[in-house]
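Chain lettering (A, B, C and D) follows the sequence in which the chains are written, and residue indices restart at 1 in each chain.
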Amino acid sequence: MKEEVNTRLKRLPSIKINTISILVILLAGLLIFFSTQSPYFLTTLNITNVLVQVTTIGLIAIPMTYVIISGAMDLSVGSILGLSAVTLGFLYESGTNIWVSVVLALVVGALAGALNGLLIARYKMQAIVVTIGTLVMLRGLVYIITKGKPISGYPDSFYFLGQGKVLGIPFSVIVMMALFSIAYILIKKTRIGRYTYALGNNEEAVRYSGINVVKVRFLTFVMSGLFAGIAAIFYVSRYASAQASAGDGIELDVITAVLIGGTHIFGGRGSLVGTFLGVLIIGTLRNGLNLMGVSVLFQTVILGVLILVAVSRQNK
Amino acid sequence: TETPSEGDTGGDAASTSKSFFINPKSIGPAYWAAAEKGVKQAGEDLGVEVVFNAPSTTDSAQQINMIQDMLTRQVNGVGVAPNDPEAVAPVFSNALSQDVQVVTWDSDAPDTDRKYYIGAATDAELGEQFAEMIANQIGGSGKVAFMVASLSAQNQTAKVDAATAYLEANHPDVEVVTTVSSDDDQQKAYENAQNLISTYPDLKGLVGFAGAEAPAAAQAVEEAVNAGNIEQGKIKIAGFAVPSLVKEYLENGTIEEMVTWDPSKLGYTTVYTLNLLTDGEDVEDGMEIPNVGSIKVNGDIILTGTDVLTKDNVADFGF
Amino acid sequence: MDKPILIMEGITKEFPGVKALDGVDFELYPGEVHALMGENGAGKSTLMKILSGVYQHTAGKILLNEEEVTLNNPTVAQELGISIIHQEFNLFPNLSAAENIFIDRKEIISASGKINWSRMNAEAKALTESIGADIDVRREVQYLGVHSQQVIEIAKALSFNAKILIMDEPSAALPEDEVQKMFDVVKQLRNNGVAIVYVSHRMNEIFKIADKVTVLRDGGKVSTNKITETTEDQLISEMVGKEVGDLYPDKTKRIFNESVLNVNDFDITSKHKVSFSLRRGEILGFFGLVGSGTHTLAERIFGLKKGKGTVEINGKSILIKNPKDAMKQGIAYLPPDRHRQGLVKESSIRENMTLPILKRISNGLIIDKKAEQVINEEYIEKLSIKTPSQNQVVNLLSGGNQQKVVLAKWLTTKPDILIMEEPTRGVDVGAKAEIYRLINELSLSGLSIILISTEMPELIGMSDRILVMNEGNIVNEFKNGEADQQKLLKEASNSIDKMVV
Amino acid sequence: MANIFKRREAPIILFTIVLFCIFSLISSNFLKPDNLGLILTQITTTGLISIGMLMVILFGGIDLSVGSVLAVVATVVGMLVNAGINPFVAALIGMVVGAICGAFNGLFIAWFNIPEIITTLATMFIFRGIAVAISGGEWVTNFPDSFNFFSQGKIIGIPVPIALFATGAIMFGYILSQTRFGRRVYAIGGNKEAAKLAGMSTRKTKFLVYISSGMLTSVAAVIYASQVGSIQASTAGSGIEFTVIAAVLVGGASIFGGVGTMLGTAFGVLLMGMIKNGLVLTQASVYWVDATTGFILILAIIINTVQRSRNLASREGDLV
């Protein structure tokens, strides 16, 4: 019964061009500005830094783009990251082989996502509400597991994931880029992508087309959990420690990146290219302002203004 | 008030003089704002550039990202109050490999390559001091509850562990009924105190392990007394306090005594130490630091000392 | 009676890139029912939206009682006595029926600023009863059926005591018997001097109710005639701009042998069971009023609704648990509401058309774009869908073409059995004729069709057999040529009448 | 009687009662009048904010900035009373500040058509920065005793915070269910396009809602400042938006707009407050508190959903 305004849709093609080009211009603007402000900004070392720093947000933003395009939302990703991280630490600490622990941590992430998926897709509960619930509950579980103590001390081979490099490029960055590319192909060229967009536009019509909407939606949430698990592995490897507060509040960063990237908050429209640019913009902004020594308090104000300026253009 | 922003001195400052990055656990809380004053003061006194910055939440990952960024900027030294003492190890060794001096302050990371830890006292000492203070006030027996800012912050858990062990060993009749966390949220701390008073009718003491806890506890106790739910003086309060926050409670007798230290002294000492280290010098036990006083150096630990806060001396503290 | 209450002169309306109306003149007199006809996209709704203050015209002027007026928002129009039933429902699903009728109206606010609920409910009840409907006006609209919702739209328009009442396809969601009751109300209003604009694609309605008829084509006015001075054929040719032959195909001499689908004691709900059989190449019509179970039957066979019971397909007993099972058996289902159930409106024709067959046209994971384009070209041509390209966003197509896209979507699955529900709802004659031609061709090529419709001429014209449903049971069967509107209606409604008594 | 169970609020009310009984059984202290009074006092800030949030959610929107608005107002009011301004005057000024924050949100949302979640995500950052800038990063504390009125004072025997929340809830409950303005909120949330066609100004209504929300938050901020006794601008009220949103949604409101009532929201708030209090009182291990809270929340959501599907099942034209 909620008919969308017809006129807006007519401009869809031009919106697409605008979103991406605005983001590219914005990113370029930031790069130019910061390189005039700090001689250290445009160095290989620093660029590598930025890329490594955004891997956590970037990895989680991939499935989040799917989830939001499909018309839902996942606020529990930070808690899932925390849960996977401490699961990994806990298992390894209690004598499990590190790689087995890694796999089990991923499984736990996917299971947590499946719990969301079950409630939201199968039982048709509101995504925001459910994931606020799991956000609180899973974080609680993290504290039950760790009793608040960080778990550290992993084998050197494990540190390669988060700290190692291949041909000078950090391994975590390579993985993030690869997953972004795969996700891009999936959403552009496969059924899953079509279903995701269509689900966000008109779920009823998808159901009437004989497609199992429960399965598709369920899958997006499992993905979300799994990727939060992947992010957790890199997190633990990079910081050499699984802390109970790991990933706390990260959902806001991730959602901000996805929204800056032009994905429509009510679903149906969005792109991974945009998300990738959104992630880079946030990372660059933080890094550049840090190099300038700007206090985070002003950084968040600047981020706030940026959201208003960048995103408002696209959602008119 | 001075803004924490440093502006655009980045480029040339590095070539003309030294610059240090002083990194608290987060930006915003007034405890760190007080510390910043000492840091800035030291920067001026010593003629070095200081950048005081941290994430807006006590997030370990963001904190490490920021340290990494400042290493890129080629600062000469960093002073870190780590949110996760284990997680900073890689970035510290990275810093050392670039000849950057590293110290920790306020909260230690003993298993890393940091040169010194600068604190008011060690966490163990503080925990024991808190324990002794509450045991003393309640007469050596009865139920007490612990109030912490975080269930996962290492400097909180270390103090709690020390306090618990100390009570078990020295005051076996004191029972620690529970530990509640405020997650650095004052309202939560306040509600926690209210709920504790309600839950344990025979509660005799509340121990605050962070800055927001004691005033919240005092506020709740005072209200309960005013409402006639408990008698005046039945619940004692001990632990750490910022003098200006508990002034009225000390004066009206809700609180008898608290442990305190001046975060700005920690900040000053941190910059001072980094300055010495980058000059190739070192700290010495009993050394006088301007604006701070004499310090105790014990191995790789520098202690500036604590004070006991009472209603008689509370007015003397300038923070 | 002599002076027109409304004169619209040279009305032009341009949307970005579309000239929807081009210099249209329109006059309306008190006490007349003036029908407005035209193909999909001819501009009928646009003209009426201008009259009701929703859109502003780009050129031309509007005179009410010989005075020029500016209708720059819906409230202004309402205050001037113009009230409209929009073509698309405009209801608040979360509010009660009564609130929907009187939403935001000063009349039901008492002096203290409080809503006068009892007055509102009583008046709403009286209004809906005046159209012969029995609705619990306190119930939230989302829990009411489609036809109750239509009744509410009508009641809302009536509640204004307007001098001009615009009805844009008000009968689209109403069963025949309620249309009849609505007509009684319309006639009564006309006798009271209200001027009524009646937009409809249903020819028989126009001749039953209208005094005059104006035809629009491509945003321009073609003619205005007294109803007594025109004929169905003339109207059709004016609308389409050319002669249209017989709307319905020749149905005699069709013989069917093997049965494709056998339904025996199949439960449509736990209480209701039906039995019938469908033969290869047959068009089997289903007629039933709202609540008769035709829609539930369709959704149940297609696996959208859960229940027990199996059907026999080509002699094999099959359990259908979900649409996938149904599609595996070669069943396709064209749902009644293309906006809600048929189309992903923000996506392109191409993406809509291949939605059910993406698996088939994927090479492994990746969708074969070439194959997709070829299929699209094929069906756009086969169904003569008017569009600049297969990448056109569906939302921008006219109703008829949108309906063809939904039909094409199901034909791409190459079904053996096609269940169609209201295949021509809100579709103009031209497109209707094409859709009928298609349905007939499909059946001749061996496709078996279940045609569920509330439009009786369509059922009678198209079906080889008609089954009438009533209260969840199949109550009668009419062979080709046996059925007429009276008989159908009688079978569909008699037991209901009995129960009401 | 049967009607009560059909009401949308029924599940949450029942659930609250069941939980109430469970807590009473586990802890004898739970049922004490003192403690019940405590729960009521503790829910007043979230309660007041949730009234505004309910209206925003009824529109199909969401307001992430409430915690930051609270910080701005609490800081301003705290500094004013410390500067010797009469607490009531300070509170009024605080409400004006809250209204300005709300108007700022409303401007971007209603006039520039920026989606709620984006606008308020941005203003969440911006307002927080402003609050810290105003405070200069210092604690605002040591308020004069007269300011205690807002936490410890009584009006006709009722503690001031409870009285303020009750007044707010009843007033807005009435406005939402009984006045033209209130029904507009529901109508716009139910179907924006239809609301436009009915000639309603969605902009004006939205703008007013955001201003009301800002003012309600500022009342909460005054109580907050007075209760807690010291304000740290960087953290005051941060994260409160989640509690408030959870309370409103658990109270039966739909994130898609148009559905939800003041009664349900009040119970949602009460439920959240009761869980927090009850879990401390039952002496549950501190590490289990969050997990249990989350679990209870999910239970509440499940129960709401069951009710909704029961309602849908009784939809007219079951056989169509």
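Following the convention adopted for this analysis, a residue touches a chain if its C-beta (ideal position, glycine included) is under 8 Å from a C-beta of that chain, and two chains touch if they have at least 3 such contacts.
Being a predicted model, the structure only gives us computed values, none of them experimental.
Using the contact threshold fixed earlier, the set of chains in contact with both chain A and chain D is B, C. Chain centres computed from CA atoms place C at the largest separation from chain B. Centre to centre, using the average C-alpha position, chain C and chain D are separated by 44 Å. Averaged C-alpha coordinates put the centre of chain B at 72 Å from the centre of chain C.
Rounded to whole angstrom, the centroid-to-centroid distance between chain A and chain B, based on C-alpha atoms, equals 34 Å.
Looking at chain C, one finds that residues 91, 93, 142 touch two or more other chains.
Within chain A, contacts with two or more other chains are made by residues 1, 3, 143, 147-148, 297-298, 300. Contact of a single residue of chain B with at least two other chains is seen at positions 3-4, 27-28, 56, 151.
All chain pairs that count as touching, in label order, are A-B, A-C, A-D, B-D, C-D. Looking at the complex, you find that chain D touches chain C at residues 178-180, 183-184, 186-187, 189-191, 193-200, 258-259, 311-312, 314-320.
Within the complex, the chain B residues that touch chain D are 1-4, 26-30, 32-33, 36, 56, 151, 177-181, 183-187, 190-192, 194-196, 198-199, 201, 212, 215-216, 219, 223, 226-227, 229, 242, 244-245, 247-248. Across the complex, chain D is touched by residues 1-3, 5, 119, 123-130, 132-141, 143-144, 147-148, 252, 255-256, 259, 265-266, 297-298, 300-301, 303-305, 307-308, 311-312, 315-316 of chain A. If you check the complex, the residues on chain C that touch chain A are 15-17, 88-89, 91, 93, 142, 302, 304, 322-324, 326-327, 333, 335, 339-347, 351, 355-356, 358-359, 362, 365-367, 369, 393, 395-396, 409. Residues 27, 29, 32, 34-35, 38, 41-42, 45, 132-133, 136-139, 141-142, 151-152, 224, 227-239, 276-277, 280-281, 283, 286-287 of chain D are the ones touching chain B in the complex.
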